[in-house]
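Across the two complexes that follow, chain A remains constant while its partner is chain B and subsequently chain C.
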Partner chain A sequence: MTELSRAQIRELMGQVLKNQGKVLPDDDGADLREVGFRSLDFSELALRVEDETGEELNFDAPGLRRIATVGDVLDFLVELQRQ
Partner chain B sequence: MMSDSATPALLVPPSTVVLVSGGSRGLGLAIVTDLLESGLKVAAFARTVTPELAKLADAHPDRSHVDSVDVTDLAATQAFVRAAEGRLGPIDGLVNNAAVGQDSLHVHTANADIARIIETNLTAPLQLTRLVVRRMLAQGRRGRIVNVTSICAQRGFPGLVAYSATKGGMDAATRSLARELGGRVLVNAVAPGFFASEMSAVLGQTQLDQIVRRTPTGHLTEPAEVVPVVRLLLRDQTNINGQAIVVDGAASI
Partner chain C sequence: MSSAPAHPATSHPAGADNRIVVGGTPTTWRDLPELTLPAAPVAVLAHSARYALAAARHHAVHGGELLLSTPGRVDEAMRAELRDAGFTVTDLGADAAGVDTAAAVAPADFRPVEHDRLWLLTSGSTGRPKRVGHTLASLTTVRGEQSARTWLCPYAPGTYAWWQVVTLSLTQPGQDLVVVEPEQLDDWPALAAAYGVDAASGTPTFWRRILHRDPAGLARVPLRQLTLGGEPVDQPILDRLREVFPTARISWIYASSEVGAAIVVHDGRAGFPAEWLDRATPGRPTLGVRDGELVITSPHHAVGLAGPVHTGDRAQLVGDRVLITGRLHSDEINVGGSKVSAGGVRDVLTAHPRVAWARVTGRRVPLLGHLVVAEVVLTAAAPAPRPDSPTVAAPTEPTAVPDEAGLVRWCADRLPEYAVPRRIRVLTEIPVKETLKSDV
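Presenting the complex of A and B:
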C-alpha cells in the first residue's frame, strides 16, 4: 500500500481549502476554527487520501473531537493510514 | 387473504413471564430489575452476563433465567427461549432492548460495521420477535411486545446513520406488527432520548451539554424514567397499540 506523507496530505488539505477560497496557513499550530476547516472538510480530505492510496480509511467520530489544529489533522491521517 | 379483523373484546392480559434482550447493563438491566421487583418472572440474556445481572438472578432464583447469548445467533436464542420457558413457563412478554450503538460518519463507517449494526439492531430483534410470537400463537396465548427504539428513529443525528435506520425500521415494524397481530399481541415501541450508558459514553461533554440545553425538562433522560413506561405497556390495561412513545423531556419537540 502506498502511504501519503505528511507533506502530501498537507498539500491535499491546501487544495480542499483553496476550493472554498480559504488559505491553509504554514503554521501547524493554526486553529481549525480560524482556518475555517470543518468536519465535512475533514471527511473530504480523508476521502482524497483514500483516492490516492486506494485504501479505505474508516474511523469513529470521538477521535475527531480531539482535533483542533492543522497539525492534529495531519497527525491523525498519517496515523490512520498506518492502522 | 383471510379476514384479519380482530375478534372483539378479548383483552390482552398483563404479561407475567417477560423476555428481555440485552438485560446485562444500562436500560436493559434497569428493566429486568424493575420487572423482578414488580413480581414478574424474567428471562434475560446478553453476550456477557454481568455480575449485576448474575446477582439479580441469584436473588430471585425461582423467577429468573439468565444466560449469555448473542442475539444474532438464532440457534442460541432459540435454545434460550426453550430453556427459559421450561423453567419459568410460557413467555407472554418480550422486550427487544439489545442493540449496539454507533458514532461514526456514514462515509467513514466500514461496510462490515454497517452490516453488524443492522444485524444486531434490526434483523435479530425481528427474528426474536418471530420466534416468540410463533410460540404465543401456537399455544393460543396473548402477549405484549415492547421494542426499545430511539429518538434517532424520528429525528436526525450526525454519526448515527445506520443506527437510526435500524431504529426507524423497528418503529415501522411495530406499527405493522400491531396491525398484523390483530390485537392478540400488543406491540409498542418506547423511544428514549439520550441517556448516560456505555452506548452513549462516546458522546462528548459538549454534545451532552447541548442536548441538555435543548431539553425543556433540563436533564438527560434517566433509565429510571423509561422503565415505568415499559412496565405500563407490559402490564397495564390500556388501548395503546402500534405506538412509539418518546421519552425525552420534549428535547425533540
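Presenting the complex of A and C:
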C-alpha cells in the first residue's frame, strides 16, 4: 500500500480548499472554522487520500478525538492510513 | 420561569409550562410569542426556531389547518403550488420585528378548512417534496407517563422528527426542550451541557459528526437517553455511542411521515428481532418484508395511507434480526442527512455542452455518510447549443474542454452545495454495460 506523507496530505488539503476559493494557511494550529474547512471538505480530502493510495480508509478503527485544527486533520489522516 | 399567559382564557396543552431553550434563551411554551396568523389554511415558513415553536403552540391551542416548514425547503415553485392548493403562505420572523411584519400571500382560491389538519412536507427523495397529512394526535406517538427529561431538538422545523420531539414536549409535563439552531450543529454539546440535556435524538450522521468533532464535549453531556433514526442504523455507531455512554439507554427508531413511528428498538443492537415480523397486535404497527422491502401497516399512518405501505427501504433477514440497510432504489444519495437525487445531478452534468454522458453515484465517506461523485464522458467537439434545455443557455456558456475543476464549478452554479460532485472522473468511453441504463 502507498502511504501518503503528512506533506502530501497537506498538499491535497490545499487543493480541496483552493477548489472552494479558500487558502490553506501555513500554520498547522489554524482553526478549521476560521479556515472554512468544513465537513464536506474533510470528506472530500478523505476521498482524495483514498484515490491516491488506492486503499479505503477505515474510519471505524481510530479512537475518538477532537478535530479542530489543520494539524488535527493531517495527524488523523496520517494515523488512519496505518490502521 | 413562567410569566402571565398572553391569553389566559385559552386552553394550553399539558406541557405549556415546560422549559424550552431557543436561540440560547430559556422560556416556556406558554411564554412564546402569541401569533396572529392569517385565516386557515395557512402555510407558515418560519425563519427561526422560535417562531416555528410558536406556530406549533398556536396550532395546539387554536387548531386550524397548518403546514409548517422553513423558507429553505420551499422554493418559489412550491410557494405557488401551496397557493394553488388553497394555502395562505406566510413568512414568519423574517426580520427582527417578527410576526408584526409577517408577509402573507393569499391563496389562488378559497376552499373549506380541514380543521386540526397538520401538513408535513416530505423530504422528496427523488423529486418534488410532497404534502403528507397528519393531526397533532397522529404525530403524538409517545404517550403514557414519561420520566422527566430535557430533550435536545436538532431537527429542521416542520419535519416529522421535529414534530416528534415537539409534540412530546407540548403534551407531556416534565419534557423540556433545548433547540439547536443550524449554526450550532457542530458545537451543540456545550449548549446541551449548559442546560442539562439528558435525552437527544438525531440521525446516525448527526452522532457520527459529533463523535469525530468533539467526543470529549459529547461525553460531558449528561445523556441518559440517546435515540437514532432517519437513516439506516448500523452496529458500529451504536457501539461507539455505548463506549461514551455506557449506562444510557440507546434506542433506534424507524419513523417516517408516511407510516409514523413504526419500530422502536432499545436493546442496543442494529435491526429488530425477526420474531416481530407479521405479528398483529391491536394499536401497534405490523411489520413485514416482501421481496426484500420493508412493508408496514401502521396506526400512526398519514391521511390516505391506511393499510400496508411499501416503504421503499431494503430489509434483510440476518440471523435473528431484520436489518434495514438503505433505499431499494438507489437514486437517492444521503449527504449528511440531505437527500440528493443522482438523476438530478446527472441531468445538470449532461446539460454541459461538452458532456456526452454522466454517471452519478454516492461514495462512502466519514462524517457525512456519502459524497456525490461522478464519471463523465466528454463530447469530441462542442455541439450546437441546446436551447430546449433550461439549465443550458447562453452563448457565453463554456465550450472548451472542461477539466474536473471546471465541471465542479458548473455544478456548483446550479446545485445546492451538498449535491455538487466533489470528484469527477473523465472517462474516454461510455462503459458498455451502461449503454442500456446509464443512471446509478
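Please note the rule applied: the second predicted complex is superposed on the first by the 77 of 83 C-alpha atoms of A that agree within 3 Å, B and C clash if a C-alpha of one lies under 4 Å from a C-alpha of the other, contacts with A are read in each partner's own complex, and residues count from 1 in each chain.
Just so it is clear, a contact is a pair of C-beta atoms (placed from the backbone, for glycine too) under 8 Å apart; a residue touches a chain by one contact, two chains touch by 3 or more.
In this text, all values refer to a predicted model and were calculated from it rather than measured experimentally.
After overlaying the two complexes on the shared chain, residue contacts for A:N19 are found with chain C alone; chain B is out of touch. Note on chain A: of its two partners chain C and chain B, the one contacting more of its residues is C.
By the touch criterion defined above, A:S43 reaches both chain B and chain C. In the superposition on chain A, contact is made by A:F59 with both chain B and chain C.
In the superposition on chain A, the residues of chain A contacted by chain B and by chain C overlap at 39, 43, 46-47, 56-57, 59-60, 65.
Listing the residues of chain A that touch chain B in their complex gives 39, 43, 46-47, 56-62, 65.
Against chain A, the residues of chain C that register as touching in their complex are 186, 209, 211-217, 236, 240, 243-244, 335-336, 363-368, 371, 373, 405, 408, 417-418, 422-423. Against chain A, in their complex, chain B makes its touches with residues 103-105, 107-110, 113, 158-159, 202, 204, 206.
Residues 19, 39-40, 42-44, 46-48, 51, 56-57, 59-60, 64-68 of chain A are the ones that touch chain C when the two sit in their complex.
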